[in-house]
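Across the two complexes that follow, subunit A remains constant while its partner is subunit B and subsequently subunit C.
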Partner chain A sequence: MEEKNVLEIRQLRTSFFTRRGEIRAVDDVSLDVREGAITGIVGESGCGKSMTARSILRLLKYPGRLIGGEVLLDGRDLTKLTEKEMSAVRGGEISMIFQEPMTSLNPVMRVGRQVEEALRLHRRLSAREAREQAVAMLAAVGIAEPEKRARCYPHELSGGMRQRVMIAMAMICKPRLLIADEPTTALDVTVQAQILRLMKELRDNGTSILLISHDLGVIAQVCDYVYVMYAGRIVEHAEVCELFDHPTHPYTRGLLGAVSSLESGSNTLQTIPGVVPNLLHLPAGCAFSLRCGECRKGCAEHLPALRACAPGHEVRCHRIGEVNA
Partner chain B sequence: MKTTNTVLPTEERLASQIGEAEGPLELFARLAAENKLAIISLIVIFLFVLAAILSPVLTPYRFDEMDLSQRLKPPSAEHLLGTDEGGRDVLTRMLYGSRVSLLVGVVPTVLSMLLGAALGILAGYLGGWVDALLMRLADIMLAFPTMLLAMVIMYTLGDGLVNIFLALTLVNWASVSRIVRSETLKLRESEYVEAARSMGVSPMRIMLRHILPNCIPSLIVLFTLNIPSAILTESSLSFLGLGIQPPNASWGLMVNTGRQFLYTAPWISLAPSAAIMVIVLAFNFLGDGLRDVLDPHLKKS
Partner chain C sequence: MSEYLLESRNLSMDFPIGHGKRLHAVSEVSLQIREGEILGLVGESGCGKSTLGRTLIRLLQPTGGELFFRGENVTKLRERDFRPYRRQMQMIFQDPYASLDPRMDVRALIAEPLQTHHVCATAAEMTARVLELMEAVGLPGEFLHRYPHQFSGGQRQRIGIARAIALDPALIVCDEPVSALDVSVQNQILNLLKELRDRKHLTYLFISHDLSVVRFLADRVCVMFLGRICEIAPTASLYEKPLHPYTRFLLNAVPKCDPHARSEETALLTGEVPSPVEVPSGCPFHTRCPYADAHCQSDRPALRTLGDHAVACHRAEKLLQ
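Our next item is the complex of A and B:
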């Protein structure tokens, strides 16, 4: 493949050590973020997508700990950096935007200053240059009257504008990688569409993006490549068209089946039976076997490996041979 | 990069209707509109401050000017609030006493706020053994009755204004640090601190730029509510003879000396008592008003 990867995650493991046992929030996750593309991670709440993102930036909270694997940013292993070197990476080379635009901005700091903050930390700039760049960045993310808005406090801006400010904050140092953790979940649909359009613009201007969402619609709209996570593991990954045209893992098929469609003609919404399993008591084998309609003998006992079922399309299921046949 | 301004007409219009940020003046206007009592209190406090500063100009007497021919005179044209047992003008002594009261109200409160806020933020943000150490220390301070602790400190250090400052600072920092710590614990988990961390902002800078400014509303309220308690503590200490010593003037001291003449010359005690009451109430009302106005939950969101 000639495409370059900005970020390569190899066998990443993150666990929470609680009184009741070890919770494997991220279990043996390997993924690549291609340069100049949007890579998506999709899955239900609690499947480990946000923890994967936090592990990349090493922003885990106690009792969470990164216990293995590599996070390679342009070949440099972030897990081996000192905390000080990591501070230079955060915001400088990788930045992150969060789910809640309403609470992710400091309420007593003017938004212009917040956008400048990363710039002042990572680039040695005069106050005036920093201000100018911040205003230019606000304009670039589609905020009208950026000089005026820069002097506003967060409570004076709407949700969509705040998310734009968050994106401006994240993009101000021109990072190699932007991690967007559910960037549109808290926004209403029209604003969501605008933010997604902005993310696509950023990609077209060369930014690599790792987009985390539980919303298949969002993934389908903007992503180039998709990873599906379940119970801390990647169960399927493929190019976006391939994944939506040929979903192979029973879980992926279940997810797609659960999206209501106007064309299907069916009035009842399909669901995946059961609930997300307790991460403390996972079966030894396939974690989805508890809910899988096609579960066979041995599924719950032996962990399937990720195997290719088509070029660039890998699935973690014992039955891929049979399903495709 | 192409801008997408055109797709956002409603959003932008709404935002411009909300208008500019709220400055101190707007805050003051809102306080005036919502709470008349707080504004009256503010004016009262301002008058006291003015009287304290201008006391040499406002009165023809000196605070320690004795005139034994004029002992225990009731209020009259020469002595508006009468004279005490040494023939000193009560109003003059009250004016000079207000300097002590205001200084004792403000200086140790500021010191204990600075100390308490710094230790509270460190304890709350860093957690672990720093938190355990600082908070056990605070618990020990809080375990003593305030007045008793202040008396012990004054007894050990000896009297004098500077020692009163020290005693009140030592007595008050613990409760401030407790409040700031709990605020910090809440803010530490907030998304914007998280976001700041994800931008590579250092812990020191997060504490100073992100956590401290968000504690300020609570600190302002705490400030206005701690001042009257400091004034009261000083009055009590001086009343008990552990604070300001004669011939210097302090309201607490005046109440104490007037005690013996309560039946024959009640003005000696009553005038400073009234002053203590008025200034303490004024600060309390102002504190309440500010708390209502500064409460972030009541702010437009």
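Our next item is the complex of A and C:
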């Protein structure tokens, strides 16, 4: 079966120009989002996963700037579009949901109206048609009594309900791509499970999703393809089972070891020594070399390239082949 | 002396919220914490676990019920008389960014509890004690005069832990101490907490929404729903053989870190958590429970012993089969 990509990111670079120097939040990131699949980006705080998502939609705040690379949506480069053309893409062809639904919703506007908003911006519909579609969308994302809920304000809804409203807003224009940035991080586990199931239903109905999460459990449960980021760069990517069965980069192995030692009930937990490095003072070579047990002479000086270690599985490490798990 | 370090009997904590209404954050909780154990307290947001933690060490004055510390009733002690007990009960907070004064350096932060309780006679003695505490939590001594903003989240949490153990307390309430940390750092802190418990013979009440963290650390686990305890059991037994339907749903909802074990068919909990202002009659969980019958709607189940579990469910035996 031929795999088609909805979105192709090529050598994307986003930097923040601060008084103390340039912070490379996204450094040479290339990534494919496959049609009708859930592609995940996983990493710890500050690794650049959210900035990658924001760069796609060009939602960067000063002093952040996109300084290079291409973002191809069905072959069209979004970095070359005018601001006006970009507005048509946001919410129309690509939509995004965020971690905290309360801060992303307008507190003084009924939720039904907020769901309609994108429709009225991007499609020319009568008020009645827009209302009907909004209510149908609320029902489709699993909100009981959608007519009644459409007349509620955000504060009258629970966290899980608000996230469903956000998803309804994002899906109302039938976007080519849905970007979900930590969509369940603010939710309780039982509600998280409901939202993850909804994301899988959207995928099964043909929506392409880019899911950003710090939670390897969430990634393992819903993603088809996974990219691991560390300090602004992609360090490993593979199909989900391949990645969890054969993690190869020392960082990926450390992360998985940390999580699975919690699950296995061992007496001492596996950790990754040290802390996430300051992006202002990265070594010239591999950013993980400071914390890596496999680090050898030269690792900190020379940047490793992404190299294939199996079909569809690439790793950014000098020592692949030597330290294979 | 009592066999329990801390015991609560029918402890309740209500908050007035205006219009004559009250929010029942904690209702009639009877709980025993044994000397030297780690008791895990889990539940979803708003279930009252943090309020219970604070009420147990009287950071909040309970609105009902009694508290016993080493067998002595401390519920109604005046603040001055309660002070010696305060030394025995310390707390570690969730957010290492919000819980440290940004204008105090590490020495001042860790020395604060020592000063409050007049532990050290001289400044030199104080510095020596602070350095000793820093070593115990894995902070290099040269950080003595640094300020909180110069540290990462994990290191700040180490400062918080040093403050909590400064007075050699008997009990530490840990309220979501690793929730704000990344996994790689989270495990360092969990290992440290476990090591300190063994070395200093501490007792923890460990509050967390993360079931896998609690499984690693706790000897016994207590599950809360809507201000009440629904189940308490030894850790292994609770995770392998949960009796309360809510515990089962909670455990099933945790996403497993294995793409081969996807929970496509698992039943999910539907509906919403009821409001703690208008608590449902009978079992507080009956509005979401698929096994609830008429009995569950009318009669509130008491916590009763079933094997090595204590469970508040009328139908626990039936569900076992």
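By our rule, the second predicted complex is superposed on the first by the 317 of 325 C-alpha atoms of A that agree within 3 Å, B and C clash if a C-alpha of one lies under 4 Å from a C-alpha of the other, contacts with A are read in each partner's own complex, and residues count from 1 in each chain.
Rule of thumb we're sticking to: a contact is a pair of C-beta atoms (placed from the backbone, for glycine too) under 8 Å apart; a residue touches a chain by one contact, two chains touch by 3 or more.
Since we're looking at a predicted model, the values are computed, not measured.
Enquirer: Mind working out whether A:Cys241 is in touch with subunit B, subunit C, both or neither, as first, second, both or neither?
Expert: It touches subunit C, and subunit B stays clear.
Enquirer: Once the two complexes are aligned on chain A, which partner has more residues of subunit A within touching range, subunit B or subunit C?
Expert: B
Enquirer: Looking at the overlay, does A:Leu255 come into contact with subunit B only (first), subunit C only (second), both, or neither?
Expert: Touch status of A:Leu255: second partner only.
Enquirer: What is the contact status of A:Arg197 with respect to subunit B (first) and subunit C (second): first, second, both, or neither?
Expert: A:Arg197 sits against subunit B and subunit C alike.
Enquirer: Go through the superposed model and pick first if A:Met96 touches only subunit B, second if only subunit C, both, or neither.
Expert: In the superposition, A:Met96 touches subunit B alone.
Enquirer: Once the structures are superposed on A, label A:Pro107 by its partner contacts, choosing first (subunit B), second (subunit C), both or neither.
Expert: First partner only.
Enquirer: Touch check for A:Met169: first (subunit B), second (subunit C), both, or neither?
Expert: In the superposition, A:Met169 contacts subunit B only.
Enquirer: Identify the partner contact of A:Ser158: answer first if only subunit B is touched, second if only subunit C is, both if each is, neither if none is.
Expert: The answer is both, since A:Ser158 touches subunit B and subunit C.
Enquirer: Can you list the residues of subunit A that touch subunit B in one structure and subunit C in the other?
Expert: Touching subunit B and subunit C on subunit A: residues 158, 160-161, 194, 197.
Enquirer: Tell me, which parts of subunit B touch subunit A in their complex?
Expert: Checking each residue of subunit B against subunit A gives 1-5, 7-8, 11-12, 14-16, 18-22, 190-192, 194-202, 205, 209-210, 213-214, 216, 296, 299-301.
Enquirer: Where on subunit A does subunit B make contact in their complex?
Expert: Listed in rising order, the residues are 57, 59, 86-92, 95-100, 102-110, 117-118, 121-122, 139-140, 142-145, 149, 151-153, 155-158, 160-161, 166, 169-170, 191, 194, 197-198, 201-202, 205.
Enquirer: Which residues of subunit C touch subunit A in the complex?
Expert: It comes out as residues 44-45, 152, 154-155, 182-188, 190-191, 194, 209, 211-213, 215-216, 236, 249-250, 252-260, 262-263, 266, 268-270, 272-273.
Enquirer: Residues of subunit A touching subunit C in their complex?
Expert: 44-45, 158, 160-161, 188-190, 192-194, 196-197, 214-218, 220-221, 223, 240-241, 244, 254-256, 258-263, 265-266, 268-273, 275-276
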